[in-house]
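Two complexes follow with subunit A in common, the first pairing it with subunit B and the second with subunit C.
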Partner chain A sequence: MPRITYIEYNGTEHTVDVPVGKSVMQGAIENNIPGIDADCGGECACATCHVYVDEAWLGLVGLPTPGSQEASMLSFAAVTQPDSRLSCQINVTQAMDGLIVRMPEGQH
Partner chain B sequence: MNAPVQIDAATDAYSTPLDQIDVSNPRLYQEDCYFPYFERLRREDPVHYRKGGMYGDFWSVTKFKDIMHVETHPEIYSSEAKLGGISITDRPMEFRRSSFISMDPPRHDDQRRVVSPIVAPANLNNMSSIIRERTARVLDGLPRNETFDWVQDVSIELTTLMLATLFDFPVADRAKLTWWSDRATEDVNAGGIVNSEEKRLEILTEAVQVFTGMWHERAAKPPSYDLISMLAHGEATKNLVNDPAEFLGNLTLLIVGGNDTTRNSMSGGLAALCKNPSEYDKLRANPGLIPSMVPEIIRWVSPIIHMRRTAKADAEIGGKQIKAGDKVVMWYVSGNRDEESIDRPNEFIIDRARPRHHLSFGFGVHRCVGNRLAEMQLNILWEEIMKRFPRIELMEEPKRLYSNFIHGITEMKVRIPA
Partner chain C sequence: MSDQSRHIVIVGGGHAGGSAAAVLRQLGWQERITIVGEEPLLPYQRPPLSKQWLSGEATEETLWLRPEKFYADATIDTRLGLRVTRIDRAAKTVTLSDEVMLTYDYLILATGARPRKLPLPGSDLHGVLELRTVADAEALKAALTQGARLAVIGGGYIGLEAAASAKSLGAEVTIIEREARVLARVACPLLSEFFETFHRDRGAVIEVNAQVAGLEGEGGRITGVRLGDGRVIPCDAALIGVGAVPNDELARDAGLSCDGGIVVSLEARTDDPAIFAIGDCTRRPLPLYDRMWRLESVPNALEQAKQAASAICGKPGPAPEVPWFWSDQYELRLQIAGIPFDATDIAVRGSVAEGKFALFHLGADGTVLAVEAVNASMEFMGGRRIIQRRKKLSRAQIEDMAVSMQQLAA
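Now for the complex of A and B:
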């Protein structure tokens, strides 16, 4: 099962196994990892599961398609960066074993 | 269907022919008896068409998942002011004022982005100490062993002070903000001061004048972190002042959004605790539950009763055929009680799992800009209350607003035992 490392804004690391097919957001919620709120529950409708994807993984994970709902929701989130994603829109694959994501200062 | 005072709503809700149920009747909210009507709609006709209702013909969307669907398809379900905007009331065309809440992408996006930094995480942290200091001062000034109005002395006072800060508005004149906010949303049939759109515009024109003065002052100065300065310097909004209707639309949005909703959560949360003594006990035993109680209060209160959209194309919701031009109303008060999406939705549970999974802030591109600020204000309020008052008593049933849009508590008599 792919292992994913979530790093809180304060630097605390959480490494957990997340089944293929789940979203990166679900991996955080189901393991009670703080820093991802996911108010809407994975509908890409709130932007409170915002993460920064580690540079080394950006090629594999990719960026939101321009004009997509994710891009639109992210554009209203605070503290976005070029490597920002909504973690509910990243579906875990076997190739993501070792993925690192970081949490922003706050979810909004 | 009619819903006079004292009616047995549960009987009326199930004996009224389905096609005659009209959940737009503001009396249902004033009398706090709307639940059985929505319970029936969710079970029997979750996407319900009412022809010839008090506010015209409209679709009611009552289930959480269907509301989410409408929220996330703004390309079909429009918020544009000229199509009817975000409220079930169809104002005459000349009174339909645009603002970023009643606009679709991409214009909405550009205007919203100008003001959203005011509630970015770092700025929220900066605001928290001033909010705490004021909250403490207001609470310390409350009478003991004496009945007083929580709405006036706490909810209005705290939210208006917050709003004055957000606008950098003179604190001494802050009562004007409450006045404009209440007049902006007043139902013309409520029997109050605003009995016509002309009257509303007359009152709100004063707000435009005051804020126009502030705008020009701030436009001439370097940008500062208040809403007027941000709008005056924002690329997408710097000419807003030259369009008085859209300026007023946006002012109204920010005043009502920053004020009314949090006010009613401050009142409604206390009412909910008083009416659910075992939850109040839980809170006393563990004030650490406040961060999960606050979103539960916001769900429970549902400060905005509905949001409206207008279909721009033929579409389908929950198997029903929606036609281009139809009025589609998302009843947040109903979605927030939908047992298919929320566990034990009719119970107020301050330590429920995933308490933020509620519709009160809306979802999608129009999701409440200030949602985390609202939560922070409520968190601080409850932290400071619990430091001081182990118990506050509700002395009588809260008085509620005649409105199908703002879920308002107008008066709430309480007492703090000495």
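Now for the complex of A and C:
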């Protein structure tokens, strides 16, 4: 099973197994990792599952398609960066074993 | 954990109660937590019940707020299928429906709301449904076979969402609304009109200004809805969606202050310092609008869960949020930020005809109070920021599509 590392804003790291097919958001929620709120439960309606994708993984994970629902939601999420994604829109694949994502200072 | 460790009892294992337990552990509460929940299920999300559940895209497991394993790992004791029947504030105990008594140091009331009942002749007929729980959603799903006729009594969000899901499953749908328009309590006339047209175009029949006089049946099964004007709308099932009433009786019996919901502070605390209340059962302050209000939404349940958990753990509470909500009907995504209390003007940004627009509700001084966005997430997100900052904008500025949302929100 792919292992994903979530790094809280304060630097606390959480490395957990996330089954293929789940989203990066679900991996955080199911392990009760602080820093991802996911108010809408993965419907791309809230932007409270915002993460920064580690540089080394950006190529594999990719950026939101311009003009997509995710891109619109992210345009006003708290403290966005060029490597911002909504974690409910990243589906975990076997190739993501080792993925590192960081959480922003806040989700609201 | 010793027996001396402090104990938080959460009454109600819904979205608010389940989230409070999870957030308490995130904030470092290491002592005992017990959730007492009347439903036999682990805390789950209700929004998919009128949407993905009916279409078969959701399962009980995908509804769960947290997987089963979480509660064991986090040593959260769940007592499911049990009600709390009494609170003794002096002794700091609650009594459960199985007569077990639990002692608490902090009590969190997260009892939610229940569907309002209509005192109608025929309400007990088979096929008369409501929609709040998984059990309700299962009954509705079973009724939505190809060609089945569903009457939806009440044109609120849940009714309209269920109507859209039912149509998509091949059922015939009639929406019966007492007011002159659907969403009368919760949306502006322009938005109501847009949704009416959309649902009609998809083949739903909408009866407005329609009083329901009774439900007709044969052999114990519903056969139709009788209207005030004598007409009967034939149906195989009727979904009653006429709003919800807060479950605040337990709190009232315990002498806590209630006013159509349990009255709480911005820490989600009741007038008993050891008792908190969160979610649909509360009447809470809305700092942005300077009044007390009862919200029925997931974001509100989560915000109050954080407020209560922070207060108990002695951490600073979350910054007050702009209230918001979403609703999915067919391919429409409605996102609402803020509440248009005392709004005097509406600016329309985007194209209503193309089904991609946002309505900005303005106060007399131009302050943006609320944004209702249809397939317009950028406007919703920007609107939320504008409302948070109490920004003033003119109608002309908002309606000018040459001005970007970034510029408007700056």
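Here is the rule we go by: the second predicted complex is superposed on the first by the 108 of 108 C-alpha atoms of A that agree within 3 Å, B and C clash if a C-alpha of one lies under 4 Å from a C-alpha of the other, contacts with A are read in each partner's own complex, and residues count from 1 in each chain.
By our rule, a contact is a pair of C-beta atoms (placed from the backbone, for glycine too) under 8 Å apart; a residue touches a chain by one contact, two chains touch by 3 or more.
Just so it is clear, the structure is predicted and the values come from calculations on it, not from any experiment.
**Q** Looking at the overlay, does A:Gln94 come into contact with subunit B only (first), subunit C only (second), both, or neither?
**A** After superposing on A, A:Gln94 lies clear of both subunit B and subunit C.
**Q** Considering only touches as defined above, state whether A:Ser72 meets subunit B (first), subunit C (second), both or neither.
**A** both
**Q** Contact-wise, after the overlay, does A:His108 reach subunit B, subunit C, both or neither (first, second, both, neither)?
**A** After superposition on chain A, A:His108 lies in contact with both partners, subunit B and subunit C.
**Q** Under the stated touch criterion, which partner chain does A:Pro34 make contact with: subunit B (first), subunit C (second), both, or neither?
**A** Once the two structures are laid over each other on A, A:Pro34 reaches subunit C alone.
**Q** Applying the document's definition of touch, where does A:Asn10 land relative to subunit B and subunit C: first, second, both, or neither?
**A** neither
**Q** Is A:Glu43 in contact with subunit B, with subunit C, with both, or with neither (first, second, both, neither)?
**A** both
**Q** Where on subunit A do the contacts with subunit B and the contacts with subunit C coincide?
**A** Of subunit A, residues 37, 39-41, 43, 45-47, 69, 72-73, 75-76, 108 contact subunit B in one complex and subunit C in the other.
**Q** Write out the stretch or stretches of subunit A touching subunit C in their complex.
**A** Interface residues on the subunit A side: 29-32, 34, 37, 39-41, 43, 45-47, 69, 72-73, 75-77, 108.
**Q** Subunit A touches which residues of subunit B in the complex?
**A** That would be residues 68, 71-72, 105, 109, 112-113, 116-117, 119-122, 124, 354, 356-357, 361, 363-365, 367, 369, 371-372 of subunit B.
**Q** In their complex, what parts of subunit A are in touch with subunit B?
**A** 37, 39-41, 43-48, 69, 72-73, 75-76, 78-79, 104-108
**Q** Okay, in this complex, where on subunit C does subunit A touch?
**A** Within the complex, subunit C touches subunit A at residues 22, 25-27, 45, 47-48, 65-67, 70, 74, 298-299, 302, 318-319, 321, 324, 326, 328, 333, 335, 377-378, 381-382, 384-385, 405-406, 409.
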